[in-house]
């Protein structure tokens, strides 16, 4: 996500009249799937001729677009349904955060899918834009992911959702997306657990980078969750747009989930700060321990070195050197000094 | 509590039409107790056939459900009284924080019981959901605890509460729960006291983990107290729902208690931060002390080692070696140097 | 104050119908003083029979109660004047923070007296509750202090206050109390000054505890000042309760004083944080200085020890040993090395 | 920018009646360019006689002034169009932050251009003031930069903007300016990346200054972005001034961009704090490593030095000295001690 | 300023009926200057008989009082113009922060003059109170400073201000005062520059006290600027008191200046925090450097000392001692060991 934030030059070059895709994700080909359904029937097919998308019947329609790198295709779809140029720009500007805008003929919702990259262990985002009109929903997905695939199955199996209005489909889309965030939180919480355990057993310098990585992911998650929360708050208000009061209850449910997640993210951030403190003070403790070893050895050596030095001197009259048991007394003294110093350090609780 | 936060996958799999219990606590069997009372009479029995719960008389009714792991049983009770599926989901989703929701036919309140685990010393939460209707209160407790048991006794002994409305019973339930939080605070404050004392006498590395544990418990307590405060604030507003103005005064009393507790939790967090600072600077002081010992010994040894080295050399003409009292002068010099250095360190306040 | 915060169990056991005193302060006996006054007359006497308190004339009345440990006595006084049971609970629950509540027949104000304990050097609080009715003020003081004693003298000497309404008496009570806080601030500011001076001259580990103590007192002071500020803000609003607009100006004056004190408390907290930083970095500087001494001695000793070692060896052909001035050259070399190293350290600014 | 903040004395000396330029940037000469355009025609010329600026026709007019150091010229232009003296002061007071003010006959917008100085690597600001009237826009640029030059070309090439109202020109000006901020962010994000990489490979003291420089630039950027955000928020409100609702959508687009940038600046500040923590703990780790080397060498030397000392003594009866293989045993002991100590340190994970 | 904050006892003793001056500044004598002016005339004289101040004509009047220590004189002036006793108390209570109060017959504004003491280098405040009535302004200055002296000259020279209303005079007074703050900021910014430079060249312990002093001054400046900002915000609102809309523009100009200063103060505080971090980490770096020197010398000495020790031993059969070139080989080994270790440290980048 962080890298993607930096495609500024592309943003600067962008022009309302010829918007360009900002991101780096390239799907092989932009796929357009057209789904028509009502209570009794269901048809879904890949479309290549965009003009075929125009819905002539009274069936409910869902157009799924996957891949954003062919800006022309996106524009021609949008033109077909009379979408404002600024909305097209927003669909392609994947560096922007989630937001929601109401236009005369449609409601535009911009959301983020989150995954933790398998190789990089970094948080990766891809954009999901939703255009919500009467009898029509268009979704623009930046990358090919599993999200939304369950909804197709539900429609095909004629689940209750088929007989409900477009707002029920919108609910299913948002619910699917927000549920995905829980899976990211699951990975993070496992990493936090592992880091905490490692911290208590043996704190190594690489833990610092791990804590730092987790903190950074949490910063980005919060950045994504807050606007999502705001969008859902609006959707769960009574009499918003043409959403039925019955569905409003369900949006409030997703809204509660986002609050729950923000709560957890905040708690995790506190835990990460705590881990950082623990790590730093464990380094201080280690230095302390090393100092102790050094000091114990050095101080014990001082009197011993002095003694050996004294009896290595060449003065003419060092009487001790000629004592019969001088050498034995030296050893007794040396051992005695060592043990009394060890005893002193033990009393000071250094050993 | 922290572990329970992580049952995300269960949340993701959850479906409004067939909600599942999120938590880990398993009561042997889900117990359903039906209590009917009014000013004059009182009857309380365990129920196995759920249809028996339907109240036909004009008596006030309290249904206590203990244990949540049999989702079917919970659902059939809720269906009997026309509870919205989303409420059932909330009753079973024990990872969610306290909240309150008004439906057409009832008021739903979701609260947390707090205990500090005997073995783990961690904060454990279990959920208590309350459904408040005209002439009926249903409580769903996640685990078998002592909470609410006193209220039964009050009803049985025909205390004044028997003759009052359902709002008085609601007050008793909330009061009992919030009073419980004080007991948790009591344990924490004792632990803080002990930690502080230990910190002043002899700061050991395990104190850091203790401070960290306390900080974490306080983070969770605040997380629980804030929404509880908001719920009680609403209940203590005049003309809220069908709560009589008289009872409103009493809700304001519990509300004041939650504010008092939030206050204390904040103060305790400040104290914990202070203890962390004290701990860290005590490590610095220790390192300092160890350094002093090392430095004193090392610096005293330098001139002595040099002297013994000098007179251990084998130069042909070292006149001192042949002085009659050379060896004695050496000893006088050695003792003199040692004492003058000790005097210097004393002056520097290192000893 | 901190200790008193912990009487949770008493709070839990407390019951609206039989409230109990939460605190630890025991006055010998609960004293009840009844003062009747108007423009022309003044009478004040200690009362033992509580029924005697009922005011039959048209004089203004002030009932002073000192000591809270006899809950029965407090309750019977309150019952006499139709005080709500929750107010009685608040009077006895001295762990609660300052607050203000309006009832139909009276205004209840709960405040804190602050002193710094002579022995403990900790902030001690005792509660002062005020019940304000038409023609009657009742004050409940938790401990025997000097506060309010000046007001009696003013009434006795028939100062202008005698001829004014009850709101003037309320002003005098609050003014006396808030003025007291200034005296506490005075002690703290003196302690801060002393700590700062000690910090600049010679930072010792016990300063850390002093800074910590001051920070803690300031945390509690802020905790007391904020609700006091809010109470006075309400009282200084025009047309609040039956307080005359003229008196409102005076309440605004006390309100300004509380803001002034909150300001100062915040500034003192900033200063304390600054002192903590100074203390910590002074420890680092000390370690640095010790390290320098150690390093200077150790590094100078290295070449000298090597030299003496070399000429203490027993190789057969060490030509220097047999030079006539070998020993003198050795000394010149030793002194030369020492001085050149000292010069090097001087250049590095370590000496 | 920081230096420019300090021209206080000039501000103090400034007088509404004779305002002076506060900044340090000197363009060779103040350039005044007068552009007249409508759907069909376009003329643009440099003007020296300021009276020539008065527009007599019905064409749309844009007056570009580059350079502020000739206060008289600025004043005479302003007087020509009846600009309030305080606005003139604001145009010349380049130390002030962005703001917007409505006067009876015009709208005044004060903005900042941002660049990162090639030599200094510091953030440099120059001011851009816009006066927006009916059929006339006057822009005052403090320094000669590329900004706005594209707009001239658009007008000359009769892009759609030529046929739209003055609000479209205002949009182009603001869009150009805000797009510029992205380029600054681009440079910063590259520097952050480089710093992070350097931090992971080999943290050197100069990285601290780099982190510090980046933090400072981010502080200033936020300081500039917030008021810009507020200005655009106002402009994107419906029915503000005489801006058409159609253009309002476009202002909302720039507004979204500023929010996006504030978001990123906040995230970058978090990252910088994280880098600082990493840097500081990497120093601690280094000290730790150095300590380990020192301790390992010192402790190994202690027994060896003692041994050589012992057998360098001159006692008469040291039997080991006369053993045939005494010397060989000594070497075996020395090597044995060294390896067993190395083994011990390996076990302690110090090696 | 800090010292003055501590005259609490005087505040406690203060009584509304006989207010006392709280501060320490003593002007030789309280000076009262009476200035009468209109478009055509100007007279200004020192007054000793306070009754002479009563303005009988229709001229605009400005009474300047310098010095506050003679409370009686202040009171009698206030009584003459019917000023409320609480205002008199506020004029004399110089420990209070800036504020503004409206009374029936006048507007009271309380402001602070700021200077940095020449000797102490601390921020010193003195109070300036303004009473604004119809046709009359009274100013009370605590100390003799240059502030306001320019305004007299303007009036004398019949500048445009003479012909405008009293609100123009009020503007001049506030403008003069706020301009003064810029001069203080100028001194601070120069000190910050010097401190930063010193920090990069050679961080000494006394820099910590300098940073600490600057932080403290900035804390106080913010404390003074915020209420000033609020006062000016009120004055720059349309239709406030009897201030003409024309002058309102000018008050908005001063208001912008205060915001500009608050901005700068906040930025400077961030810079000070950054300097503190730099200072602390520079100490760590220093310790690190010292440790390196120590470690290099100590570790090089270990093998050398061991070698000299070995060949100083007195074993009977140490063959090396009898080699012809034993001594020379020893020297080669010693030099070789030293250089290979130096090479190792160079590779570790310690040298």
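Observations on the model:
Per-chain numbering from 1; labels A, B, C, D and E assigned in written order.
The rule is simple: contacts are C-beta pairs under 8 Å (C-beta built on N, C-alpha and C of every residue); 3 or more make two chains touch, one makes a residue touch a chain.
Worth saying up front: this structure is predicted, and the values here are computed from it rather than measured.
Counting only chains that touch, the fewest steps needed to get from chain C to chain D is 2.
At the chain C-chain E interface, residue numbers used by both copies make up under half of all numbers present, so the two copies contact each other through mostly different positions.
Chain E is reached from chain D by a rotation of 70°, derived from superposing Cα atoms (nearest 5). Between chain A and chain D, the centres computed from C-alpha atoms are 27 Å apart.
Centre-to-centre separation of chain B and chain E, using mean CA positions: 44 Å.
For chain D, residues that reach two or more other chains under the stated contact definition are 284, 287, 291, 294, 298, 305, 309, 312-314, 318. Contacts between chains close into a ring here, every chain touching precisely two others.
All chains form one closed ring of contacts, and listing them from chain B in the direction of chain C gives B, C, E, D, A. On chain A, the positions that touch chain B within their shared complex are 179-180, 182-183, 185-186, 189-190, 200, 249-250, 252-253, 256-257, 259-260, 263-264, 267, 270-271, 274, 277-278, 281-282, 284-285, 287-288, 291-292, 294-295, 298-299, 302, 305-306, 309-310, 312-318, 349-350. Across the complex, chain E meets chain C through its residues 5-6, 8-9, 11-12, 16, 84, 86, 89-90, 95-97, 99, 202, 205, 208-209, 212, 215-216, 219-220, 223, 276, 279-280, 283-284, 286-287, 290-291, 293-294, 297-298, 300-301, 304-305, 307-309, 311-314, 318, 320-322, 324, 326-327, 330, 334.
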